[in-house]
Amino acid sequence: MHKGRLEAFSDGVLAIIITIMVLELHAPQHAAHFSDLKPLLPVFLTYAMSFVYVGIYWNNHHHMLQVTQHVTGAVLWANLHLLFWLSLVPFVTGWLGENAIAKAPTALYGFVLLMSGVAYTILLREILRVPGGNKTLAEAVGRDMKGKASVVFYAIAIAVSFWNPSISCLIYVFVALMWFIPDPRIERVVDKAADQ
Amino acid sequence: MHKGRLEAFSDGVLAIIITIMVLELHAPQHAAHFSDLKPLLPVFLTYAMSFVYVGIYWNNHHHMLQVTQHVTGAVLWANLHLLFWLSLVPFVTGWLGENAIAKAPTALYGFVLLMSGVAYTILLREILRVPGGNKTLAEAVGRDMKGKASVVFYAIAIAVSFWNPSISCLIYVFVALMWFIPDPRIERVVDKAADQ
Amino acid sequence: MHKGRLEAFSDGVLAIIITIMVLELHAPQHAAHFSDLKPLLPVFLTYAMSFVYVGIYWNNHHHMLQVTQHVTGAVLWANLHLLFWLSLVPFVTGWLGENAIAKAPTALYGFVLLMSGVAYTILLREILRVPGGNKTLAEAVGRDMKGKASVVFYAIAIAVSFWNPSISCLIYVFVALMWFIPDPRIERVVDKAADQ
Amino acid sequence: MHKGRLEAFSDGVLAIIITIMVLELHAPQHAAHFSDLKPLLPVFLTYAMSFVYVGIYWNNHHHMLQVTQHVTGAVLWANLHLLFWLSLVPFVTGWLGENAIAKAPTALYGFVLLMSGVAYTILLREILRVPGGNKTLAEAVGRDMKGKASVVFYAIAIAVSFWNPSISCLIYVFVALMWFIPDPRIERVVDKAADQ
C-alpha cells in the first residue's frame, strides 16, 4: 500500500484539530475593550501550547513518513489510534483553559498527552515492523530516548497536578521545548538517506 | 477520469466528520472536578464508537480505491451518496450520546449505519461496473459476505432497539469489531496485485 | 503554474462547506423521541438540498479542472470568488431551514445560488482565456446553455419567492436535478480528450 | 525534504480558517425578514475582508512554494508560526464584527495582520536560506517593498484605531487592494523560471 492517502488523511485531521481549537476563543459580544479579553487569557495560553504540541506531532509525523515507503493495515490503524488521542486535545485544552489551571483538567491534559505519546510509539514500531524494514528510520530514531523521556515527564506531571498544577504546566511547556529545538542528529540521518 | 481528487475530497470530508464529532464534547465551564465529566461519559463512548466506524469506512475506502484506476460520473455520485450518510454520523452520535442509549436515538443511529452500508455497496458496484473492469477488486470482495452480514445486523439492531437499546449498541460494537479485525484474505489479494 | 494546489485548496474548502452544514442540525438534548426531531425536518431537507448543490459544484469543478493544464493568477482569484459565494451556502441553508421556507430566506438562498452560478461562469471564462487555450473544455462547454438557464431559473425563483416561496424551492430542486442527471455529451468529449 | 506535505497541511489549515469564519454569521432563528439580517451586516463585511486577506495569503503562499524545491525543519516551523497568527483571524474577525468597528477590536485585528505579515517575512527568509538557494524566488521578491510597506501600514492603522477606527479599517482595505491587484513583475519572473 502507498502512504499517500495516509499522509493526506492525517494532514486533514491534524489541520482540523489545530484549527477548531481556536473556536474555544469566543469573541465577547458587546464588549469592545481590551479588558474584556482578560478572562480569555488562560484560554489563549492553553491554545498556544496545544497548537505547538499538535505542530510537533505533525512535524514528527512528517519526518517519520518521509523515510517510509510502504504501509500495512496495522499501520493504518496505529495511525488512527494516534489521531483519536490527538482529537481529544481540543476538548482537554478547552477544559484546562476555561478552568484556569485547575487540578483535574491539568491531569487530564497530561493524560491525553501521555496516551498520544504512547500511540506515537506504537505507530513508530508498526512502521518499523513493515516487511522489508526501514533502516533509515530505525537509525534516525535509535533508542527513542526523547519519546521515552516525554512519557516519563507526562506521568510525573500528572502526579504533580494533584498537588500543584502550575508545576505540571511548566513540565508540559518544557517537554514541548525539548521537541521544538531541532535535533540535528535526525535531520543529518534523514538528509544522508535522501542523498543516496 | 483520475481517482486523485475523488480520494482527496473524500479524505477531506471524512477527516472533518471524524474531527467535528469531538465538538459534541463540550468542556464544562467553572467545573474543574473529574466528577463534572461524568455526564459526558456516554457522549465520549458514542464518540469513540463513531470514530472507529468512520475509521473503518476510511480504511475500506482506501483499500477499495487502491486497486481502482478509473472512475466515472456515476462513481463520483455514488461516493457523494456515501459521504452524505456518513455526514449524518456526528448528528446521530450527538443525539445518542446526549440521551444515553435511549430507544429512538439508538434506532436512528442504526439506520444511518444501515444506509451508509447500503451506500458503500452501491459505490462498490459502480466501481466494479467501470468499463475495463477491476478484477483485483472483484476477487478481493468476492461475494461481500461481510458487507451483507453487516446490513442484516444493523436491521436486527434497529428492530431490537425498541425493546432493549443496550443490546442494539452491543450489536453495533460487534459489527465494528468484525470489520476492525484485519481480513488477511483481502490484504493478500491486494498485495498480490501490487506485486504484479 | 500548476493546478494541483488550486484543486487541493478547493477540495478542502468544499469538503468543509459540505460538512459544517450538518452542524445546523443540533441534536436535541433530553429529548429522545422521534417526535422531537420533527422541528428539525425543514433543516434536514434544506441540508440535503444544499449537500446536492455543493456536490454538483464539486463535480463540475472536478470535470473542468480535469481538462485544464495551466492556471493564472486571474484563475486563482476567480476560483476564490466562487468559493466565497459557496462559503455562504451554510449560512443561507441555516436561515432557510430554521424559518421553514419563509419569503426572505428563500430569496436570499436563491441569490447566493445565483451569485455562485455567475462566479462559476467567470471562473470558466478565465480558464478558457489562459494563454495556450483549452480546446477540450471549450468544446465540452459549448455555449454553456445549462449554466445560463440555471441563472435565469434562479432569478425567476427569487422573484417568485416574495409571492410563493414553496414554488421557488421547487425551482431550486428542479435546477439541481437538471445538473444531477449526467450529461452524456460532456463525458463523451472529456473521454475522447483523455484517450488522445 | 519534499514540500508536498507542507503545502497539503497549509492548504488544509487555510481552507478551514477561511471557512469556519462563516460560522460567526449565526442564522437568526424565528426571524425571517431581511431587516433581521441588519445586525449581521458588520459581521458580514468583516468576514468578506478577512476572506480576502486569507485568500491573499493562500495565493502568495502558493506562489512562494511554486518556485521552492526543498524545505528544512526551520521552514516547517516558520510555516507553523505563520499559520498560528492566521488561525487567530477568525477570532479577531468575530470580535471586530460583533462590536461594529470599535477601537480595541480594530487595533487587535491590525495586530494579528501585522504579526501575520512579520511571520510571512520570516518564512520567506527561511526559504531563501535553504542550502542550494532559490534564485527565482529571490529575484521575484527583490527587496520585498510591498511586504515592508504593509507592515508599516498596519502599524499606522493600529495607532490610528485609538483615535478613529474607521480610518484604520479603510487602511486594511487599502492594503488588501494593494495585494489583490496582480503584480505583473512577479508573474513574469515566475513564468520565465517555469519556462526554463
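Per-chain residue numbering starts at 1, and chain names A, B, C and D are given in the order in which the chains are listed.
Operating definition for what follows: contacts are C-beta pairs under 8 Å (C-beta built on N, C-alpha and C of every residue); 3 or more make two chains touch, one makes a residue touch a chain.
Computed from a predicted model, the values in this text were never measured in an experiment.
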### Task
Check the residue numbers that chain A and chain D use where they touch, and answer same if over half are used by both copies, otherwise different.
different
#### Entry: Turning angle required so that chain B lies on chain C, C-alpha fit (0 to 180°, nearest 5)
90
### Message
Centroid from C-alpha atoms only, then distance chain B to chain C, rounded to Å. What do you get?
### Response
26
### Summary
Averaging C-alpha coordinates per chain, one finds the centres of chain A and chain D separated by a number of Å equal to 26
### Query
If you average the Cα atoms of chain B and of chain D to get two centres, how far apart are those centres in Å?
37
#### Entry: Per-residue multi-chain contacts in chain C, two or more chains
8, 12, 15-16, 20, 23
## Note on the structure
Listed in rising order, the residues of chain B that touch chain A in the complex are 7-8, 11-12, 14-16, 18-20, 22-23, 25, 27-34, 36-37, 48, 51, 55, 58-59, 62-63, 65-66, 180, 182, 187, 190, 194
### Task
Note which residues of chain D are touching chain A in the complex, please.
1-2, 5-6, 8-9, 12-13, 15-17, 20, 23-24, 72-74, 76-77, 80, 83-84, 87-88, 90-92, 94-95, 98-99, 102-105, 108
